[in-house]
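Shared between the two complexes below is chain A, which pairs with chain B and chain C, respectively.
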Partner chain A sequence: MNSETMLMMLIALPFAGACLAALFPPNARNAETWAAALVTLGAVVLSASLFPAVATGTPVRLNIEWLPTLGLSFSLRMDGFAWLFSMLVTCIGFLVVIYSRYYMSPDDAIPRFYAFFLAFMGAMLGIILSGNLILLVVFWELTSIISFMLIGYWYQKADARDGARMSLTITGVGGLGLLAGVLLIGHIVGSYDLDAVLDSGDLIRSHPLYVPAICLVLLGAFTKSAQFPFHFWLPNAMAAPTPVSAFLHSATMVKAGVFLMARLWPVLGGTYEWFWLTGFAGAASLLLGAYFAIFQRDIKGLLAYSTISHLGLITLLLSLGSPLGAVAAIFHMMNHATFKASLFMAAGIIDHESGTRDMQKLGGLFKLMPYTATLAMVASAAMAGVPLLNGFLSKEMFFAEAIETHADSILDTAAPYVAVIASAFAVTYSIRFIHAVFFGERPADLPREPHEPPFLMRLPIQLLVLACLVIGIIPAITVGSFLHIAVVSVLGADTPAYSLAVWHGLTVPLGMSVIALIGGALLYVLLRHYLAHCEEGPPYFRRLKGQRIFERVLVFVSWRFARLVEATLGTRRMQQQLRLLVAVSLVAAAIPFYNSNFGLGLFELGQIDIPFALLWVIGIACAVGAAHQAKFHRLVALILLGGAGVVTCITFVWLSAPDLAVTQLLVEIVTAVLILLGLRWLPKRWEDTELGRAPISTKLRRGRDLLVAAVAGLGMTLLSYAVMTRPSPDTISGFFLRKAYEEGGGRNVVNVILVDFRGFDTFGEITVLGIVALTVFALFRRFRPAPDTIESPEQQRIQAATDEERSDRITGQTVSDYLLVPSVIMQWLFPVIIVFAAYLFLRGHDLPGGGFAAGVAMSAAFILQYLAAGTVWVEDRLRILPVNWIGLGLLIAGCVGIGSWVFGYPFLTSYSQYIDLPVIGEIPAATAILFDLGVFSLVVGATVLMLIVFAHQSIRRLRAAKISTTTIEEVA
Partner chain B sequence: MEAVLSILVGLFFTAGIYLMLSKAIVRILLGVVVFGNAVNLLIFTAGRIMREVPPVMSLDMTQLTGDTANPLPQALILTAIVISFSFFSFLLVLTFRTYQEVGTDDTVKLRVAEPEGKILPPMGY
Partner chain C sequence: MSGLILTWSVAIAQILLLAAMAIAAIRVIRGPRAQDRVLAFDALYIASMLLLLTFGIRSGTTMYFEAALVIGLLGFVSTVALAKFLMRGEVIE
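On to the complex of A and B.
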């Protein structure tokens, strides 16, 4: 197996394992553990066996093109640093899998745990092995999402949900920042390939976009590594199961940030901006994390703040810009992962065995669980930096770096003091952890009786603690060569000479260590009694919680700010919203006008064509009149509206759009009929507006509306004037004019466009038409008229009353004879209109007309019958079934479209031919006319359906009236 | 000619918007009709206007050359006219149903989902 395949397998194995783990039954705890352990062990073996290939000095690469045009490739790359990290991740992953078997209770959803755990491991390996920065960001986001799932594993607990949400929000924001930063780097370098980026350090550092790029990348790194001021998510993420904390929050996810910083350190680091940004965040995290850790009551909280502090140390080391600092940073990443993972697991055992993690409740556990206590003590000593343990080595290197001068600034001067103080704090919290948990009085009221855990639960800790000891005592022999290839792969030719020895002689760093150890121990002695009873959180800072600030920000953004916007802009009233919409579009439209220097001065009346002007004056009068009369007389408004429609129609005729004119005229007719049918069922007009006695506020509102409308109208005037007075650009219209006959076989270009060139659009439009008609039908199906419209119309009642008064008339006679002559004429017109519709349809391809116009005309014929003779009379004689017309129309149009497939052409390709029929003459026989037939049928169906559902209301009314009278009679 | 036509378009818009800003649904409906006409005319003017040269060929022609009215906006408007009719009837039905269910056509009083005096969403949910 060559190394590329092994690399691919290394990354695929955990994901495949995750899929497999998800399939296990919920109670298969042992089988699940076996599977997960095998997968992780496989990953360990794969990583380990890649060592010979990596040790040669050239990275192992695997490149699969993904989106090459965007510079994106699935490329994996393993150098010494990545190798060291992947060993760390897989080994600790393996140990945590074993540990989890005993930690998780049988009631937990084990498949979900292991599936996410393994997927997380895959994502983390992805970050480490990515050879392409975009790919790295993808895996980076994947770790954020999976860690959300893992932190929220016990989703029934509120703190787990909150912690998960917070970590996802913060790391997600950071991930977005990282993506933007990576895009900037890619823009600067011209490639997202990691090798190319690592080769262009000088180019990046001298680029003007360097500062934004590092700010964004560091935003990603700081949020992930819980660095100040984004540190607060980590203590909240402690709601996760402890194995998750041991894996994610010691060895892997939080290390991703510092990993990235170290990875890009040769390219981005070494500048003043980098020094300040990372130096400040690192020093603040180092000091505050250590200080906060002392005052935690929860063991895991203590460990979480300690992690923040140690990651701050690494960040601070990376800020210095010295190669030795980078060596120390890499070394400390490893050391921290070993002792912190073991401590988390020990904390989990204590929690598991005693039922609490509160250090004020615990005590005297040494006698009950001596092995665990010893292991925890050794790991804590490593955390505190006691000699002969691995933590001591990297801390010594850190001290040595801290006393060097790097950028000659206040931060540099402060570094030795910060280092010593933070180390003293580390000693204090380490002693506190050990002393409070394992020594002192044994409390009587523990939730459970503690005893030693099973051997296999302790084994992972034993192995890690052993590693701490071995590395601490004989570093050069054990990890020297591994560390060296990692360091060389990051630093390359700049690799400094460093020595991994326990004893360097009586040096200043050793003195600093001694001061820190003694100082920390003394501090604990002083604080001991306070810590035994204090509240959670450090004094003075207790109230200042990052979590609180975060929550406030979230509440502000998602609730207060939203409410504010809603209160000022959002509305619960349609009118206000509409006014805003109009106002916004006015502003949006005014900007281009202003930019192109278009003013009112350019507006010229020019020569006026008197008939046109007169026509349009009528149109304007109609529109304004309709707007005015809508308040008082809706019927008048309706008639005026018709007038405006007719003016539009005549405009179309004169301005060379006969098709539009025909359609507009017919639609105006059916609209008028529709409103007349509908007006009857609408509420009566408002009384308060009848005599113009509206209150001032109403008048003001109307004035404002009028102003808005007038300004909008003025804008539209200018817009249409501006468009009309400019020469027409060369559009697709020319093509239609040239090809209409040649390719569409029709002389009426508009119709050819509709049924041929843009046939697919028309197909969509008639579908919409059919849907709307069916919706109207559906909305009306169970409709009963409103109570105050059930009565007969006023006019009918007056006429009926006249009948009753006069002895020579039968009641109802006047109503039934009403408009007798017109209705007879209307009945006679039925065949005439149908012939007219057929005529419009047949000529449509060559002359104005076509399916739309013919369809509307045909429906007018039907509705006239309803008007003339009444619904009952018509439906006794004529069954129209408009829904079938709609279906048929759609079917015809669709089949015509599909028909062209038979001949191997795309959907709706038309074929044209003229056929000579006897008597009628030559008619066009393009397939487009069949399509037009579909349009025609659908338009007829849709229009008639909409009209007759309105007409049916009068029958319903009678029925409803009858029911109400019967009820009254029954009651009586 | 352009100037007067553009004034017509503008006034159609004014009338339509004014009516749509009203509180009574019936007037909003009438406004939608006028507004629809205004939009159709605006699209029509965007194709430039030309008198008495419809995009229709006589029998002896096989392609239209020279000055002809722009067929594209016409094709767009033709379907728009029919569709706006259908949407108008849809709105009309909605008005009916609203009036039937709520008993008012005043948009300010349409507060079934968020009754007056109740806590506003999302807290109200």
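On to the complex of A and C.
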């Protein structure tokens, strides 16, 4: 297996595993764990076996064209840094999967957990391995969405829902910022390819758009990595199940931000702006995170703030612009992931075994769970930066960098003090965690009796803690070479000389470590009694809650501001909306008219064809009449609209577009019936007979509307006239005319375009049509008509009364007598129209017709039956299942499209051929005709579905809409 | 000669049919009753079907007959629907 395939598999495996995991039954806890463990172990093996290829120094690459015209490609790229990270993600993922088996309760929805967990791992690997910045953003957003699902896993809990929503909002906003930033970088460089971007550092840094670009990219990174001032989502995300926190908030999700900063550090870093932005955010997160962590009561809250603080440390290191700082940052990302994952898992064990995570309630657990306690102590010592553990090494490097001067400023001068104080805080909260949980008095009222967890639940922590120890004692031998290839792949030729030794002699950084350790321990001794009884949150900052501010902002934006805008700018009145729309388009169209002078084209107005002109006079009269009558005489307007429609159809024929005319005529007829069906349910309207005495304001408003409408219509006329008097540019139509027969196998160019050249568009359109029909259906299920239309119409009541009154008539006789002869003819026409539809369909490929026209004609056949005999009669005899027709149509069209893949052609490539049938003769047999069959079926289904839901309203018992009397008056 | 006769007769037929359409349109617009409008609308459809046929004759192809066939076969559907609406207050019951 070559390394490109392995790279692809590394991405695909977790997603495939996620799909698989989702299919397990809810109670298959062990099978799930086996499957997930195998998948993650496979990913570990895959990334490990990529090491030889990566170690050569050239990245492993895989490039699949995605949207080549837009410069997008699905390209994966693994260099040393990406390798290190993918090892980290897959290994910790594997350990967390094992741990989750024991953590999750049998009542939880295990398939959902593992499915999202594996999908998250895939998305995270996607971020790490993306070789294209846009692809990176896609995976970035994917991690935001999946983390929403994981944090909100226990969706029955309010805090889980709130935490999930908050993290999605914050990281989602950051993701949008990142997308904009990446687009800017792509604009500067001219490519989204990561290699191209990494090669153009000088170009980017000297570009005027540099500052906006880094602001946007850093917005993405800071939100993801929970950096100040976006840090507050992370503590709230602790409502997630602990395995999720152990994976997302130690090794993956929050690391994505610092990963991106390190990835782009060679091109974006090293400037003054970068230094200030990242330096400030990093220092603030480092200090505040550590300070807040001391005062948490919840173990996971403590760990969350500690994570913010450690990520701040990494950000601060990356701000410095020195290669040694970058080395320390990469090293600390690794170390932090190992000790923090094990600490989260330890916190989960404590919670699981004792039933609480509140450090004021816990205590004395050392005697009950000595192994876990020892492991947690070692991991916390690594967190505090105690020598001989991995946390110490990277912290030493950080101290060494902090005392150097990089960019002469207050921030730089303050750096050593900030570093020592934050480290002292880290020591304090680490001691607090250990002391409060494992030592002191054993409380009597714990929810559960704690004991050691099962061996396998402890095993992941043991392995991670072992890693902390081994790296801490013999760093150069164990991780030296791996770290080195990662560093070289980021820094390239600038790789500085660094040493991973534990003992550097009596140096200033060592002195700072000692001060921090002693100071932190002293601070804990001082604060001990306060911490045992204090309320939640740090002193002085307790009132200032990021969460509260966030919620205020959300309420303002999504509620008050939205309401304000709606109240001031919005309207529910159709007239005002239309007025606005027309006015805006009028202005928009008038500006080019004004700027570049309106002028007619070169064509002379030809001789007027008198019959044609007469035809148009009729059409215009009908159209204007329809507009005039539309408000109070809907039926008249509808009839006039029909007149205008028929004139349009004749125009199509006149201008040699018979296929268009056929389709339009059919649509006219069916639409007229559908509108008539709807007319019954519209609230009644009476013309104000005292029109002459309407108030002056009404008159003025109507006059203004008339003026707007007239100007807009005139403008449209001028516009089309100007366009039509110019020679048309060389458009694509010539191509279609030439290629229709030879490539599409049909002579009806319009039909060939619809089902072949633009088949994909048609596929989309019929899908939309199906959706519309289903929406109409769904809306009508809860239809509440206006109160004045709920009764049966006046005519029916009068006729029914007459039937009752007269002794020689029986009830319902009027309706059964009515249109008796036409009814019979209409019923007999049913097969005739079906034949006609088949005829339209079959000849559609060469001559006017086609699936759409045939479908409309077919639905006209159904309409006639309903008209002739009524709903009940038809449905007793004919079972029409329009939804099935819709589904079948989509299925046929989709299958025909996919069918061309089988033969190795792109989606919806058609194949054409004529076959000779006995009796019928030669008929065209393009695969496009099958596609057309799908169109036909869908059109029949959609039209008939809408018809039936309308028709059923008359035989349903309806409830009137709840409209208050004031609204009715307003409408009237 | 016969060609000339055909040309002229088709032209006259078209003018007359258009005049018929115009008159029908006037009735549709003026009414006064809804029934008048529906009848006139049906007449408009019939006249336009014939117009399409003359158009086919003039251009010498059968291509345009398709549209005339649609009106002939289905043109009455809207008329029936309108009639039903006037009589019963709703189209399908």
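Structure notes:
Assume the second predicted complex is superposed on the first by the 566 of 972 C-alpha atoms of A that agree within 3 Å, B and C clash if a C-alpha of one lies under 4 Å from a C-alpha of the other, contacts with A are read in each partner's own complex, and residues count from 1 in each chain.
Operating definition for what follows: a residue touches a chain if its C-beta (ideal position, glycine included) is under 8 Å from a C-beta of that chain, and two chains touch if they have at least 3 such contacts.
All values derive from a computational prediction rather than experimental measurement.
In the superposition on chain A, A:A942 makes contact with chain B only, while chain C stays out of contact range. In the overlay built on the shared chain, the residue A:A857 is in contact with chain C alone; chain B does not reach it. In the overlay built on the shared chain, the residue A:F51 is in contact with neither chain B nor chain C. Of the two partner chains placed around the shared chain by superposition, chain B and chain C are both touched by A:P658. Counting the residues of chain A that each partner touches, chain B and chain C differ, and the larger count belongs to B.
By the document's definition of touching, neither partner reaches A:F280: not chain B, not chain C.
Within the superposed three-chain model, A:M574 lies in touch with chain B and out of touch with chain C [touch as defined at top].
Touch criterion not met for A:Y498: it reaches neither chain B nor chain C. In the superposition on chain A, the residues of chain A contacting both chain B and chain C are 647, 654, 658, 670, 847-848, 950. Per the touch definition, chain A reaches chain C in the complex via residues 610-611, 614-615, 617-618, 621-622, 625, 635-636, 639-640, 642-643, 646-647, 649-650, 653-654, 658, 661-662, 665-666, 668-670, 672-673, 676-677, 679-680, 792-796, 799, 815, 818-819, 822, 826, 829, 832-833, 836, 847-849, 857, 860, 863-864, 866-867, 870-871, 947, 950-951, 954-955. The touching residues of chain B, when paired with chain A in their complex, are 1-24, 26-27, 30-31, 33-34, 37-38, 40-42, 44-59, 61-65, 68-72, 74-75, 77-79, 81-83, 85-90, 92-97, 99-100, 103-108, 111, 114. Every residue of chain A that touches chain B in the complex is listed here, in rising order: 572-575, 578-579, 582, 603-609, 612-613, 616, 619-620, 623-624, 626-627, 630-631, 634, 637-638, 641, 644-645, 647-648, 651-652, 654-660, 663-664, 667, 670-671, 674-675, 678, 681-683, 685-686, 705-706, 708-710, 712-721, 723-725, 728, 731-733, 736-742, 747-750, 753-754, 758, 761-762, 765, 768-769, 772-773, 775-776, 779-780, 783-786, 846-848, 850, 852, 855-856, 939, 942-943, 946, 949-950. For chain C in complex with chain A, the residues that touch the partner chain are 11, 14-15, 18-19, 21-22, 25, 28-29, 31, 34, 37-38, 41, 44-45, 48, 51-52, 55, 63-64, 66-67, 69-71, 73-75, 77-78, 80-93.
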